[in-house]
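Order as written gives the chain letters A, B, C, D and E; numbering starts at 1 within each chain.
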Amino acid sequence: MSSTSDLRTQTAPPKTAFRFSMLLYDQRYRSVTIQIVFLFVLMLGIAWLVDNTISNLRALGKDFSFAFLSAPAGYDINQRPIEYNSQMTHGRAALVGLLNTAILAVMACALATVLGVIAGVLRLSNNWIVARLMTIYVELFRNIPTLVWIIIFGAIMTESMPAPSAFRGDTPSASMFLNDSVAITNRGVYIPAIQFATDLGTLPLGVVAPSINWLLVLVAIIGGIYANKAILKHATAVQNATGLRPKTWWKSLAVLFGPLVVLFVLFGAHLEYPELRGFNFADGVHLRNSLIAMWLGLGIYTGAFVAENVRSGILAISRGQTEAAFALGLQPGKTMRLVILPQALRVIIPPLISQYLNITKNTSLGLAVGYMDLRSTLGGITINQTGRELEGMLLMMLIYLAVSLGISGAMNVYNNRVKLKER
Amino acid sequence: MSDTNPISYVRETMLDQQEPPVTERGAIKWLRENLFSGWLNSLLTVASLGVIWFLIIEIGPWLMNTVWNAESLRQCREVLDGSSGACFAVIKDRWHQLLFGFYPREHYWRPVLALVLMLVALAPILFAELPRKMLFFSALFPFIGYHLLWGGSIWFPISILLGFVAGYVAFRLVVKVSSLVGVIAAVAGTLLWWVFLAGPFDAALYSVAPIGLEFVRSDSFGGFLISIVIGVSGISLSLPLGILLALGRQSDMIFVKSVCVVFIEFIRGVPLITLLFTASLLLNYFLPPGTSFDLILRVVIMVTLFAAAYMAEVIRGGLAALPKGQYEAADALGLDYWKAQRLIIMPQALKISIPGIVNTFIGLFKDTTLVVFIGLLDPIGLSNAIRADTDWNGIYWELFIFIGALFFIFCFSMSRYSMYLERKLKTDHR
Amino acid sequence: QSMLETIQDRGELACGVSTGLAGFSAPDANGVWQGFDVAVCRAVAAAVLNDPMAVNFVSTTGQTRFSALASGEVDMLARNTTWTFSRDVDLGNTFAGVNYYDGQGFMVNRELGVSSAMELDGATVCIQTGTTTELNLADFFRVNGMSYEPVPIETNAEAQQQYLAGACDVYTTDASGLAATRASFPEPGNHAILPEIISKEPLGPAVRQGDEQWADIVRWVLNALIAAEELGVTSANIEELKAGTDNPEINRMLGSEGELGAMLGLDAEWAVRAIAAGGNYGEIFASTIGEQTPIGLARGLNAQWTQGGLLYAPPFR
Amino acid sequence: MSDLAAPEIPVDRDIDISKMQVSDELAIQITGMNKWYGSFHVLRDINMSVYRGERIVVCGPSGSGKSTLIRCINRLEEHQAGQIIVDGTELTGDLKNIDKVRSEVGMVFQHFNLFPHLTILENCTLAPIWVRKVPKRQAEETAMHFLEKVKIPEQANKYPGQLSGGQQQRVAIARSLCMKPRIMLFDEPTSALDPEMIKEVLDTMIALAEEGMTMICVTHEMGFAQAVANRVIFMDQGQIVEQNEPKEFFSNPQSDRTKLFLSQILGH
Amino acid sequence: MSDLAAPEIPVDRDIDISKMQVSDELAIQITGMNKWYGSFHVLRDINMSVYRGERIVVCGPSGSGKSTLIRCINRLEEHQAGQIIVDGTELTGDLKNIDKVRSEVGMVFQHFNLFPHLTILENCTLAPIWVRKVPKRQAEETAMHFLEKVKIPEQANKYPGQLSGGQQQRVAIARSLCMKPRIMLFDEPTSALDPEMIKEVLDTMIALAEEGMTMICVTHEMGFAQAVANRVIFMDQGQIVEQNEPKEFFSNPQSDRTKLFLSQILGH
């Protein structure tokens, strides 16, 4: 029989003496051995590769330098979101390519989301035909490589659309759509552009010089969104106090679009219609074939995956949730908004974001249809003209990596924010 | 039963099933519930019927009016004589290229036999009911398949196979010292054999006994043959590599772990196409001057690394889903790390990850189309080549329909198989 | 280990060619590569490997060709590649000479009614990326104060399709390439090559910098082909001439006199094999792109210097 | 035979069932109701009246249509023939009527069906705020009141995932009560719970019963039935086969089916 | 106070504890053992000897380090100071020793931890085949022998998922026994089980005890402790606070902590 009543506490574990044979046979030190061996082999491998590279470069008389980025590029880029001409540097050309990548990625993400949500929801509809049709869409696009789709859309654009010359003459064989404002040709789609009568010039910000008019429009949009948030918050406050939620839709509409309308009127905004002049349509916005093919190819293909995510997200919310909400007297609309959507979004958004990541990486397939993205500028023509394949590839991979890590970092933040609390 | 108690009630005769009212029966109910419940639904029905009608009207006549016999698009057009119609004659003319590339015609039996044998080798892996002994053949298949496809000296695959034997012998010899040393010895033994002895061994035996099928160069490979070769090798190699990476990422050895994390995140963060470019353009910078090895092999390596990173993440999910108790029970029974992994952890983790694994496989198979960018003649590359030919200049849809349909068949059957497996595993062991 | 040894060990020459340009380099119906550029590869293979067929043709696009060469993917490029300063000096290539003197031209559909490149303001231009023509085009339009819409394209075949489909008004590349492309059109007569030649495009085989011996071999194989024409050595009479003639230069070239072959690290008959492979320069020209072929190119600048052209092989001495 | 039910009785206080009021007003009236799933006739000629303050236990073998019956009462399922009148409102396709009935009838499910993305308090205030348009403060006060009643006020700011099954079911009851329903439906509220937790939930239900709530409860807890029910209804094959006072029902079942059923559930 | 434990006694036969042999050889010796999780001192100066054939019950409040203690004995956890000698082998980082000890010490977990992808028989033969290198036939015979001993030979070809909790725990015991360990450790083997199943498992453990197996068992089944244990060890805050014969321990606890603990677990 023994009993202790003093409860002693030590704060730090003592160290044990180290013997050499422990390296192999001791649980604790063996992992150190393994890691040292591993690291050694790894270092050796890397050193070998680096050594080979250095001697190969030396044999070719090349060095490793990024100076080529500030040399004049010499080539033209057809789609230029920022000022660019062939006299500007390779670095600038890479930036133009990166922006083109971003434009395509954003457009394709938007299309994929819209299509995916529609198809995902419709696939669950109890309408037999619609559900089947959506199943066909999803299976057809999921099981055929995106590259095939991109090329098909590219072919549709060049092969099946009329050339600009078909719009010419007294009896043109092709005509524009929507009251002569949209022209679909085998060189792309021309849509009206918004022009401002009073041009406030540009804001020189170093590399880019955005138009002040559009900056103000952007400010108005962001401001509108914030104002709308405030209105909704106020509505909630009123509801909390009185139980009755004031109608807000007209206020929302007003703050979201009011400032825009005012700005547009102030600036004398008008539509500039595309017009057949010389060889091509001029004015308006030119969405090139390459852009359209990439956009449709990536967007519709990824939309099929998004549809599956949406469908499983909705299915993950058990029927019991709807029934419980109904049993409490919530109407279907409110059930959707207050009970189903908040839960489904948690399930849907993480895979949705990884689809966005896939889209971003897949924009590099622009090569197939001649889209001038980052890969085509920095990773294509620049490398070819300067012979800096090592540096160019490395830089390009790092840029893609940074973008990917940025997106997945955002996803992790979101995931942690909405994680369900469990026991 | 008491009549005094008003609430007491007993049913004397049970009622029989009755037919539901008309609205609950047959076609009317089906239509009402499935097509016309509410105005939105009716609208959707009408819209979809419209879409289907449009497709039939647009594509139907074109498909029905197919020309199968012609030597060029011009001939096709002559036959069609202005009416709209498909010209699948191009497939009839070029199907062998789309399937085999420039593989010598008299040797077509080799890839076909390899495909059949591959299905046999896959069978015991895919269907657990088959006898386990067949796995022996599955293990040998890579070597048989290689020899069938490329030919050359039969001693070459055999000497590669012997590398594993060498590794095993080395392992046996020193495993007594420590299993860690054993593993290192096994890897070293295999590599040493491959690097230093396999070549001479092959050459010596071949000079004595020159047996083997006729050698076929890699650049005659093309079409679906190349997609399948790259896809299947990538799939079978990326699984073990993915498992290792997943284990590395789960490991508590900080260096191993961080190297795995960096590798996985890097590979997942860049587009496959940049890796393929690296394989085709940059790899020689990293190797000693003068080394050159087959482009297909390089692509297989890159595709494998790429898929392995995704695989590792899928398997990590499976590992994370296993309760800690499984590891502890294995420890308590005295199983060492690798035995525990092989016998306890992996069988369960892989089962959990099957849907993800198959999805990665499908993705990998679809991604084999990207090799067209580095000049390999996969189906897309060949379709470009065929269209560049003056005979078939201007033909599009027929080729794409053929290629798309074949990809669809492969990928769709894979995804169906994974659903079958999921269903089966759900009921198994319960 | 030198390039020569590497290639001889391998038993095969890796030659970078285009992805398909009729007359210059394109596989025929049997998958065997044929053409003007291909003939250079075959001659080199014949000289160093004693087998004109021991060539592994690697098709490269305008964009991938120099990377393929620099990384060792190919041993030499014979791919209508323009010899420029930066490609020679900065990109680390060595050009082995010129096998075709060319310039950049424009092709348009006659329906457009364009007769001069100066009328192309606002046109959509199909252009192969990664070429000198891409850069020349930018300069040409900028200098002349015109605008254009470039449609960047990877390969000649794709460019041809885009052009025929009307996705671009103009196709621009080397004039020889235009002629070759036009020759494969269903109705070549509907397309005009505009008179302006906007650049000098000396096309020639290139090797990687750093192995002088290998560069010399390629250079002198090409020179041997050109000199053979000048000296009247043809594939028909070479068997007879190699025994010895009274022209000492022919004798030195064909190895019956002197040690030229040994100086290159080859045997004495290297040039005999190179010439026998496809004939001398003139024979190759005539059978691949000459006036008798569908391509129908005249010798023009590519005639021997004795005929008023620019071809001028340095002496074999 | 009456002691058979004894081991199941979870009650730890004296209940005087006679004190619980039953008025003679009708809360629910079902006449000639039939329902089919496809061509399967699940509910056959159901006739049943429930008075205000009555507490009815429905039992019967699995698949006999118990759940379907009570789900018809707040129109989670649609019936195809006959009439269901709840609190004077007939249930037809009319959406207004359905909303009205649903806000008068509370329902507690076997699997709780709490909203996992909302705290306990938010679960309880959601419907009052959005359906009854009660100001938030007041809704929260009511919610806390009912949470106290089910004895878990301290959990108000946790999420459902952090609670035990028994606690979750009590929250589900509180959530229904917050809508101040006049009728409560329970569909096997304790069958997904561990034995210790069953007691907590049954105690809560008994407390409710004592306050005179009209209740229809599908359950196999015969102890509960004996303790508080006015009436036990036994269903089989979609029909009401027998109904009686609990005492009579357990001690003296009339129909063979009932006997068989009772021997099965009380037997082990 | 000794009758307090009565309702928990699961024993259905007469056990003559005096007939069970305890030799004077040491099976386990722990001296001055300390363990930390990070900077948290979970086990403080543990000294303890277990003789061959001894059956020891460890009890104590939750978090007192009971599990950690017995997990240290087969090195599922590493201790940082002091000595643990099992069957003459000291546990250090040395992998050989660890392997040796683990194959001599069987362990049964609270949550059974059977391998769900293997049949019962495969669960039992896995370790003998791969660790002890026993031929498969022989391993299966041994396994059937022990499965018979735990009274479930007929389940040999089922999968764990098809068995009840009690059956699973008996399989877990059989699986450990198949390695023919000289010492068995049990970590709350019955606490995840339903009441009826507890008895099955305790019976199996009692049968083991009767055969003279050295056992250390973390459990709160005081009936079991009274019936078969030679010694009860009470732990609190990572220390051994009291140890004694079961009878003395229950009837006459010395330390205040022990008294408090006993009143809590026997109280309800």
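Note that contacts are C-beta pairs under 8 Å (C-beta built on N, C-alpha and C of every residue); 3 or more make two chains touch, one makes a residue touch a chain.
Labels paired with UniProt names: A, B = General L-amino acid transport system permease protein; D, E = General L-amino acid transport system ATP-binding protein.
These numbers were taken from a predicted model, which means no experiment stands behind them.
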Of all the chains, which has the CA centre nearest the overall CA centre?
B
For the Cα fit of subunit D against subunit E, please give the angle of the superposing rotation, nearest 5 degrees.
170
In terms of CA centroid distance, which chain is the most far removed from subunit C?
D
Could you compare the number of C-beta pairs in contact for B-D with that for A-D and name the larger?
A-D
Using Cα averages as centroids, what's the distance between subunit B and subunit C in whole Å?
42
Subunit C and subunit D have mean C-alpha positions lying a whole-number Å distance apart equal to 90
Please compute the C-alpha centroid of subunit C, do the same for subunit E, then give the distance between them in whole Å.
85
Between subunit A and subunit B, what distance separates the C-alpha centroids? Give it in angstrom.
27
Could you list which residues of subunit C touch at least two other chains?
64, 67, 71, 161
Touching two or more other chains in subunit A are residues 25, 30, 59, 159, 367, 389
Applying that definition of touch, give me each pair of chains that meets it.
A-B, A-C, A-D, A-E, B-C, B-D, B-E
Contact footprint of subunit D on subunit B as seen in their complex:
1-2, 5, 7-11, 14-15, 17-21, 23-25
Would you pull the subunit E residues touching subunit A in the complex into a rising list?
34-36, 39, 41, 44-45, 78, 80-81, 92-96, 98, 237, 239-244, 248, 254-255
What part of subunit A is in contact with subunit B in the complex they form?
24-25, 30-31, 33-35, 37-39, 42, 49, 52-53, 55-57, 59, 122, 125-130, 133, 139-140, 142-148, 151-152, 155, 159, 361-362, 364-365, 367-368, 375, 379, 389-390, 393, 396-397, 400-401, 404-405
Subunit C-touching residues of subunit B, taken from the complex the two chains share:
74, 102, 217, 219-220, 280-285, 289-290, 292, 374-375, 384-385, 387-388, 390, 393-394
Quick one: in the complex, what on subunit A touches subunit C?
59-62, 74-78, 85-87, 158-159, 163, 165, 186-187, 277-280, 282, 289, 367, 370, 372, 376, 380-381, 383-387, 389
